[in-house]
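Below: one structure, written as structure tokens.
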Amino acid sequence: MKLLVINPNTSAGMTAQIAAAARAAAAPGTDIVAVQPDFGAPSIEGHFDDAFAAAGVAQQARLHGADADGVVVACFGDPGLDAAREATAAPVIGIAEAAFHAASFLATGFSVVTTMTRTCTIADHLLHKYGFERRCRGVHGTDIPVLDLESMGEALVGRIEAAARTALERDRSGAIVLGCAGMADLALRLQQRLGVPVIDGVAAAVKFAESLAALSLRTSRRGDYAPPLPKPYAGWAAGLSFTAAD
Amino acid sequence: MKLLVINPNTSAGMTAQIAAAARAAAAPGTDIVAVQPDFGAPSIEGHFDDAFAAAGVAQQARLHGADADGVVVACFGDPGLDAAREATAAPVIGIAEAAFHAASFLATGFSVVTTMTRTCTIADHLLHKYGFERRCRGVHGTDIPVLDLESMGEALVGRIEAAARTALERDRSGAIVLGCAGMADLALRLQQRLGVPVIDGVAAAVKFAESLAALSLRTSRRGDYAPPLPKPYAGWAAGLSFTAAD
Amino acid sequence: MKLLVINPNTSAGMTAQIAAAARAAAAPGTDIVAVQPDFGAPSIEGHFDDAFAAAGVAQQARLHGADADGVVVACFGDPGLDAAREATAAPVIGIAEAAFHAASFLATGFSVVTTMTRTCTIADHLLHKYGFERRCRGVHGTDIPVLDLESMGEALVGRIEAAARTALERDRSGAIVLGCAGMADLALRLQQRLGVPVIDGVAAAVKFAESLAALSLRTSRRGDYAPPLPKPYAGWAAGLSFTAAD
Amino acid sequence: MKLLVINPNTSAGMTAQIAAAARAAAAPGTDIVAVQPDFGAPSIEGHFDDAFAAAGVAQQARLHGADADGVVVACFGDPGLDAAREATAAPVIGIAEAAFHAASFLATGFSVVTTMTRTCTIADHLLHKYGFERRCRGVHGTDIPVLDLESMGEALVGRIEAAARTALERDRSGAIVLGCAGMADLALRLQQRLGVPVIDGVAAAVKFAESLAALSLRTSRRGDYAPPLPKPYAGWAAGLSFTAAD
Amino acid sequence: MKLLVINPNTSAGMTAQIAAAARAAAAPGTDIVAVQPDFGAPSIEGHFDDAFAAAGVAQQARLHGADADGVVVACFGDPGLDAAREATAAPVIGIAEAAFHAASFLATGFSVVTTMTRTCTIADHLLHKYGFERRCRGVHGTDIPVLDLESMGEALVGRIEAAARTALERDRSGAIVLGCAGMADLALRLQQRLGVPVIDGVAAAVKFAESLAALSLRTSRRGDYAPPLPKPYAGWAAGLSFTAAD
Amino acid sequence: MKLLVINPNTSAGMTAQIAAAARAAAAPGTDIVAVQPDFGAPSIEGHFDDAFAAAGVAQQARLHGADADGVVVACFGDPGLDAAREATAAPVIGIAEAAFHAASFLATGFSVVTTMTRTCTIADHLLHKYGFERRCRGVHGTDIPVLDLESMGEALVGRIEAAARTALERDRSGAIVLGCAGMADLALRLQQRLGVPVIDGVAAAVKFAESLAALSLRTSRRGDYAPPLPKPYAGWAAGLSFTAAD
């Protein structure tokens, strides 16, 4: 089984880190192929970054999605998720949605601990779009820049742990969702320290994509996830158009 | 990996059928153990049946859940799901919730096709409890009695297919959720006929339970899913109490 | 008029206490018959306890509901409420729903003060199921075990009063709902101390059941509250089946 | 016990009719005093009529509410309900809210059958304000003018019955709420014909007001239902001001 | 273009102040005509005051709305808004709704700072009615009486500023809505001090009414905003009836 | 006043058409500058097209937004709206949101008539994100390709009119929102034929942007709409980065 893991930002270091996390979670027969767009921001920390990331996910899903058995969008804002679902019939899972789904199997209420506070609005919006607005009892920013997560020292871990403890207490929550692909390494360590389920979306998305693929379940081609209508795209996107032959 | 699959009704035939569906979906190393309560209704077709089924799930989860790596509650009303999550630290998945989660990965809107119309209220309630009330665009009863599903002739299949076609059209949906454990065999056949994803909750629950177990994610023991408080139960339930030793 | 009051736990002391509270609220011509299941937990403090209680309510409603003019389910989680409505055509009222309805006649926002914090999730769920999620501004646990309420000393009363005062202030609420049948005695005393309406669900449920009965309003037999389908139940539940003769 | 029943329109015939319906529902010791504003519209069939009716209810509650044990606002739009709750500490019940509450005790879904289609928006708004937007599955106008209901011939009854039958079928409902005080006489007759609970809000409001009064539950004086601030009113409303002495 | 600005309270001083604020916001060709009812309360600080104000708005819209190009209802509770929309085909804008709409163009979350805490419930209700319950992250009372705002000293400004700062911080908001027509003068000053958009509803309503009028968009006459049905009104309202000639 | 109108697709013909519609709506002193991205799809008819359009809007807002007094995003899916709000402090209005806001000032319920049925999901999502899910009573696809709208013959107009009539009837609506920038010319004509308000989002957005600019209201720079964090973008987006100097 081939899983395409799309890192929506342009940081090759983070792509490698995400690929490693995905491989650690994958079943023996699963092949992880990790890619990133050739344009956009090195980290996604706001709506402006996110707009480029969504186009980048659409680009990568179009270029590499055709023969994938599943696709993972590995940024917590799930940029371009719907676009990728049009671009390929393989099941496509965002890491935010995967983490929310996993958490809601394990606790009646969960809290999200993420990076920049300004991105909490994006998480709020996703929670509402997906229907987890009642399950999620709080979204907490730590104001740690995304790229600082690459070298995860104890000081950073401590800040995230402290934010998680506060969240569990204030929100009366039973589980923690880590709100950034860059926190993937942290899940098991935090889980041991906190004594509650700690969910990394990359791992969860890999397992859910494997699950759907194993059940021969693919993205619906009826309605808004039907393949894009054939028409010529302009500029750098010219090669990404769909044609009647698609 | 050992998965405990609890059929909440007392029909041994349906337990066997569910076990077969679960095994068909399970990964090679997964051992399926299927059980059923020793009391209650032979099929769950209303709130009254459901109350006994929930107690039956609690009983079976208490008796057999301790050494399971995952638990599946295999009736579309997810009876006793929260009780089972208290009774064991293994991840517990209901087949209705599993099907809803799977469908929402594949389509922006899905429809449920189920058995007795009178059970649609139970599905409505679950959809709302879980947060899928916007994703699900319709719940459709066929008024086929649950136990008629054991011998699934073409006439029955045709009725279910027709209901699914109507649902896709009227609800502008992109996927079908089968609303009964007894319909598990039908998913692939209907998927081929309808050309949209058709989700059987038994298979989906098995894969999601395997996924969580593989990721070392277990039911939260903090908050309302903490183990039941120790106290003596009365009557036929006497042996099911939790004690300080649990 | 005969009101069947079902205590869903197995504590005879609490049954007597609830019966007394029901009688204190009942109109002169109302006869209170209080029963309890012959199995299950002595107090309902979580989902596991609740599953047995729901089956117990179904049992008692089936055994004693036929000639009742109204039925009250006297545990704040309203266990088995829908099942009891199938089992008898008499109007059936849960004490949580009764208290929520009463409070929403008296204040635009109310707060719930209950026993174990772990049961707050059950109250949250009911509030949402019934549509009071905007009227209720907070659910507050006191972590007083249910059975401690039988001997209600001033220390306990003080803890509940303090929790209520905090709730009124923090939630900007205008009324208090007492979240346990065991708190029935407390309502008037607290009301005098707090200067806001304090609602005990047992009393409210008795009056609402009397009201519906007086108006010849009975549970709908159309749709999901139709009588259970006839089929043989197994095990200890065998005698509770409905038959074509019902 | 004295119940003040306020007909918010200026039609004396309807006041008498409502008073009769209230008396028919009231307990032996309950004294019904029915009043109407001295200004406004003879029937409430839109937002403009409703604005006068709300001020009329405020007027009557101020003039006659002080010694009432309970107040009923007897127009299906519940005009001036919040104002009346400020004006008197007695419990105040609107007939729409009473009917919605009663229906939700009896069926998981109900439908409203009302007079002019243009008033359906008012009912929709109330359903949402009170939290019954999920319990109510449809609001159906018959375009019968309110005052035509005074002489309820079989033709009119037939139109309302037909609308109710359609509603039950289309909405998959289990109960009917009659959406006008002028339909009070009809409830029992329709209930017999339709075989489901049919709820008249006047009767329901009377019983619920009696219930609250019997339990010593009065409108909260904390928060937005505190007595109006003392200040001089102008024009025809001059005599209705509250003063520091109130 | 003629804009009718209705001050729903009877304070002539506030009418003048509102008219000045409206003129300051209006485009060169816009003529502001400010009126007030001849009855009711000098300030609207609760549901009781509001009921008279709504009737007063209906009265003024009926008397002066026929030749207006737009109507503004200038009290933060938007009293009588729907009634005024029936009474005239000109577009009618409430200052609360205008402020909410404007704020939601400028920030993903806003907070309301208003006068008496007891009126927060009215704002909460409007937010929900209009659909801004997710955009508004908090409604904050300052307990400043409305009429104290006429002489806006630095002490009052300081209290409002402090409340706004607290709101921005606690609610994680990006804009402030001023919750009283009497605060109109304050918007620009506070905006400079706080560094976030501060919205006065009077100015916003004037611009939105001008906008709709310029686009030939008028209140819908189909459905519940159709002109009131012709019928004779009683008492002081007698002259306000609609007739077949309207 | 300078308004930047961004057509998110790459069709120059549609840009010209939108510019003309914007100029027709604009006040005398308003200068309309219409632009389009240099990449992407010639029409936006799905999520895939939309992802490129959002990046295109971000690009154009970054390149041309700095000296604008207001920005209009002129595609009914409001692509890149949040990104544009980060990229410039000028108020930014999407044509879908503008139309929804305008419609909700004019009717208690409105319907949307749009182009391809597959885009209805995008409108549904926006309605929910903005809070108009209760005001909008239906979204209706006509399956007219966007680019066919450039030459608007009577046959097309007739199809749209018919869809609007059906929508008004079925949805019990009072106003029509046109769901495509390409329908701008149609609004007044349809309004005359249908007798209800018909809203074109381009015109509405122009007026609302003018309104906010006139009131010195600009996008909040606090929270998620703060300027993008400075960091180097890659590929074709390299020139769009924000720096510390921004």
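For this structure, a couple of remarks:
By written order: A, B, C, D, E and F. Residues from 1 in each chain.
What we mean here is this: contacts are C-beta pairs under 8 Å (C-beta built on N, C-alpha and C of every residue); 3 or more make two chains touch, one makes a residue touch a chain.
Here the structure is a predicted model, which is why all the values come from computation and not from measurement.
Taking the definition of touch as given, a chain qualifies here only if it contacts chain B and chain C alike; those chains are A, D. Averaging C-alpha coordinates per chain places the centre of chain A 28 Å away from that of chain F. Centre-to-centre spacing of chain C and chain E amounts to 44 Å, using the average Cα coordinate of each chain. The multi-chain contact residues of chain C, meaning those touching 2 or more other chains, are 82, 108-109, 117, 120-121, 128, 134, 172, 223-225.
All chain pairs in contact, by the document's touch criterion: A-B, A-C, A-E, A-F, B-C, B-D, B-F, C-D, C-E, D-E, D-F, E-F.
The touching residues of chain A, when paired with chain E in their complex, are 117, 120-121, 128.
For chain B in complex with chain F, the touching residues are 108-109, 134, 172. By the touch rule above, chain F contacts chain A in their complex via residues 10, 37-43, 45-52, 54-55, 57-58, 62, 80, 82-83, 85-87, 116-122, 125, 128-129, 145, 223-226, 228-229, 231-238, 240-242. Partner chain C is touched in their complex by these residues of chain D: 25, 27, 82, 91-93, 97, 101-102, 104-109, 130-135, 168, 172-175, 188, 191, 195-197, 199, 203-204, 207-208, 210-212, 214-225.
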